[in-house]
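Quick notes on the structure that follows.
A, B, C and D are the chain letters, set down in written order, and residue numbers restart from 1 in every chain.
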Amino acid sequence: MSSSTPIRVVVWGEDRHEQVNPVVRGIYPDGMHATIAAGVSALLGDDVTVATRVLDDPEHGMTEELLAETDVLLWWGHTAHEEVADEVVERIHRHVLEGMGIIVLHSGHHSKIFRRLMGTTCSLRWRNADDGELVWTVSPRHPIAEGVPQPIVIPGQEMYGEFFDVPEPDELVFVSSFTGGEVFRSGITYRRGYGKVFYFSPGDEVYPVYHHPDVQRVIANGVRWARSERARESYVVTPMYLAGDFGRPLLDRPDGSLVDYYTREPVTPGEARS
Amino acid sequence: MSSSTPIRVVVWGEDRHEQVNPVVRGIYPDGMHATIAAGVSALLGDDVTVATRVLDDPEHGMTEELLAETDVLLWWGHTAHEEVADEVVERIHRHVLEGMGIIVLHSGHHSKIFRRLMGTTCSLRWRNADDGELVWTVSPRHPIAEGVPQPIVIPGQEMYGEFFDVPEPDELVFVSSFTGGEVFRSGITYRRGYGKVFYFSPGDEVYPVYHHPDVQRVIANGVRWARSERARESYVVTPMYLAGDFGRPLLDRPDGSLVDYYTREPVTPGEARS
Amino acid sequence: MSSSTPIRVVVWGEDRHEQVNPVVRGIYPDGMHATIAAGVSALLGDDVTVATRVLDDPEHGMTEELLAETDVLLWWGHTAHEEVADEVVERIHRHVLEGMGIIVLHSGHHSKIFRRLMGTTCSLRWRNADDGELVWTVSPRHPIAEGVPQPIVIPGQEMYGEFFDVPEPDELVFVSSFTGGEVFRSGITYRRGYGKVFYFSPGDEVYPVYHHPDVQRVIANGVRWARSERARESYVVTPMYLAGDFGRPLLDRPDGSLVDYYTREPVTPGEARS
Amino acid sequence: MSSSTPIRVVVWGEDRHEQVNPVVRGIYPDGMHATIAAGVSALLGDDVTVATRVLDDPEHGMTEELLAETDVLLWWGHTAHEEVADEVVERIHRHVLEGMGIIVLHSGHHSKIFRRLMGTTCSLRWRNADDGELVWTVSPRHPIAEGVPQPIVIPGQEMYGEFFDVPEPDELVFVSSFTGGEVFRSGITYRRGYGKVFYFSPGDEVYPVYHHPDVQRVIANGVRWARSERARESYVVTPMYLAGDFGRPLLDRPDGSLVDYYTREPVTPGEARS
């Protein structure tokens, strides 16, 4: 396990709310993506290198060169999912299947990349009112749940509620409750190809959730978890074994006869199967 | 699907609280088990036959003859788990593995039979105070969730909270929230051998939960789900295939040689493998 | 369970091999899709109505009207996956998420619709040589495995081998072995939204696999399993709860104080939360 | 993650075959357990300390003191499962639930401890004849599958076949095929409480399987995987939250009224709920 090479992290943010909503800008002066990135850096220090990219960068910052050098991509999007170019989504998708880890945050549940990986609508119920959130760990020994209290208390948060239309998670790590009584499977993981996917729901733009130390801890744990320790690997092409490697299987019976492996009919070696 | 033969249901209750606690007797004058049984009968009519048994019956009512004729067993126990004879627990266990369905309710999480099937402590956190419970469906097309509102509202209930030390469920059907903010995986299913297991948590003895129409509906759905449509089948003995049926595998190579299937070394048919 | 209304089945086939390959035409004179459809009809009789559609039909036969009236869609494609219009794929996808069952067969693993539902490459290893296949049941009480021998013996078949790049199945029903020693997870199920997905691998066009009685039995079982007993339901839009339904949560403490639910700070009812 | 402290491994063997069967003694002169232990040591060097214990040791070697100092226990048993004292089995079980990893090998599938953790019969089909085994990886990025070929070729091995009566694995890592055509889910993992369980099937006593470098590699990978990085933790007792911490939940409505959280009936703060 290559604990010597830093995990190369990229935090992607839409950076649109920050431009137009003074409340958001007040909470996240450098943008949500910068706050998330700073949290990862602060907690993981020399174990990571962290960069950020935004929607309005060329190719949304998601160039082939960058992705080839990214171990874990964090994604926060909300109002502009449709502006992300399909070609870029396919590129990110391919990299995940080849081993890049991805952590999708909050309203990223409706991003093209998350919907592409899940194959479902990824829809849910929501409310922006007076809710707080309690994030409960239901898998206490999961590395993503390390070092956080039971529960994580987030005093102000947008409510996300079930039914959350995602495939049955490979692992359910967190379940949240909200002041209104709703529950939500708020920390879920999947494998897709050679890559790992972690979705973590807390994080509306009008709340300082990404400054919350326990939320930052979960995200840092997720970065460690999502990073693949092996090199990227492609599985797009369907390889074919050469038929000549094998041959017709027979059974050398105790009674001295030679029969076809499956049909049990007597054979003479060398005869072709019709 | 043998929808013509009724599902044979047995509801097992400890019937201890009812003897000593007037609050419980007031809510469940004939015993919790009788109320649960009446709910199943009322909802499933001619599709079921329902009997009840209690702890103080000979062999706790769980004779070989009865179990052999039971399609689905419902189990509610609380303070007297240790009084259930180990021999009876093994008998019930065997029947589940051979195809009998079992629905474990509320404090039955600590019953010997549920712990035997799960292999874990099945412990959880709890509180008896001023909580209400909301039971949310997270698998909306699951047959157990049919016909119940989202969420089921239970105004008074004992709180059960995570971490619930059970194996990862095969299926997660319900997640509950409580007034105090806790969450709990309240409806979970497992396969064990040829049998099905459904655990459903609502149901403390000092609340009228088993009179609740939505709780009765879930239990009735569970009875339908847990019933096996095939006959009982035993898998205790490890059967052995006769070696002589097979023989030594060879490959009849395209180049005309005969080689051992695995080692690829040339062979002469009829030679024994050393 | 609406056993009175027949399951409306549509079998979709590419119908290209049949046009150009006399071997295929010899085995499947009316097309693979017709043979598969005939098998379903023969086994399920009045419990189904079965239609077929092919790639070269207008809109590939997958019109909105037809899909709205289809309970279970069976899909066999191979060389022309890319010719299926994206718009039609999205339409089929939407219907699955809304409750239509889908059974994907053999080389359909690389169809656009299966890849859309899975989110992975769905690639695998293969060989067309002298293999036979044994299909072993690893979930003996699964309805899809009902009434078939252990194992199903298919004397001639194309080899499919691991690693099969699909998400971890919700249920693993069959695992196959091939003469060359490969294994393959050949019967897998998933839930996607309100719909069910079953992938079953046996079935290359140059073998008479769809005439095989056990293969037909599995497909018929799959049709029963995949059909949803509830009406179609859409979950594309994210509904919002009205904030005014709730209010600010407080706790009425035993000591007589009123505090905010989450922060535990004293409050005066009626004060807005800043 | 404490990569500095060595993983404390104990390999438990029945050591009965070795006493009475010269074939076994020839392959494993110091006992199977010693060979397995040597393999772990050779591959993991200073990252482990390895000890062995056998059935005929006092308390079968499984004292409270030893288990408290064991991170990962490996278990090979065959003909004498019933001789393992129930009290010792409960002790091992408790340690697994508290965080000790356990790797169960081959015929250990019928050990008391594995059956206790699984809750099923753990039965399977078998044959001792002329089979070889191919162990295929179906989860290529799983740490247990690191560094082994696809497939692992084991020229001589006892056949294990499905149906393997275990709960649905949390993770399926390996699937094997045998010369006779059988398949078997040969590498499976589970979480139980705070501990991890890995079952790996290759390894009959009359074959030199535990000398096989790829089998040794899998076992070493399993040791790393099964070791918990957190301290032992007990969850036997069901803790109770003090009711007084909470209070009666109310909602401070926008219209100025105060209502009960669940019933929505108007309340006066301080009134007890009846």
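Everything below uses one rule, namely that contacts are C-beta pairs under 8 Å (C-beta built on N, C-alpha and C of every residue); 3 or more make two chains touch, one makes a residue touch a chain.
Just so it is clear, the structure is predicted and the values come from calculations on it, not from any experiment.
J.: Applying the touch definition from the top, give me the chains sitting in contact with each of subunit A and subunit B.
T.: A chain counts here if it touches both subunit A and subunit B, which gives C, D.
J.: What is the set of chains touching both subunit B and subunit C?
T.: Correct list: A, D.
J.: Which chain's mean C-alpha position is the greatest distance from subunit C's?
T.: Here the answer is chain D, farthest from subunit C.
J.: What is the distance in Å between the mean C-alpha positions of subunit A and subunit D?
T.: Measuring from centre to centre gives 27 Å for this pair.
J.: Suppose each chain is reduced to the average of its Cα coordinates; what separation in Å results between subunit A and subunit C?
T.: Once rounded, the distance between the two centres reads 23 Å.
J.: Whole-Å distance, subunit C centre to subunit D centre, using C-alpha means?
T.: So the centre of subunit C lies 33 Å away from the centre of subunit D.
J.: I need the residues of subunit C touching at least two other chains; which ones are they?
T.: In subunit C, 140, 161, 163, 168, 181, 191, 246-249, 261 touch at least two other chains.
J.: Can you tell me which positions in subunit C touch subunit A when the two form their complex?
T.: 93, 97, 110, 116-121, 123-130, 132, 153, 155, 159, 161, 163, 165, 167-168, 170, 179-180, 190-193, 235-243, 246-249, 261-263, 273
J.: Show me the residue ranges of subunit A that touch subunit B in the complex, using the header's touch definition.
T.: 134, 136-138, 140, 150-151, 161-164, 168, 171-172, 175-178, 181-183, 185, 244, 246-254, 256, 258-259, 261, 267, 269-270
J.: Which bits of subunit D are touching subunit A when the two form their complex?
T.: Those in contact with subunit A are residues 3, 99, 139-141, 146, 181, 191, 194, 228, 230, 261.
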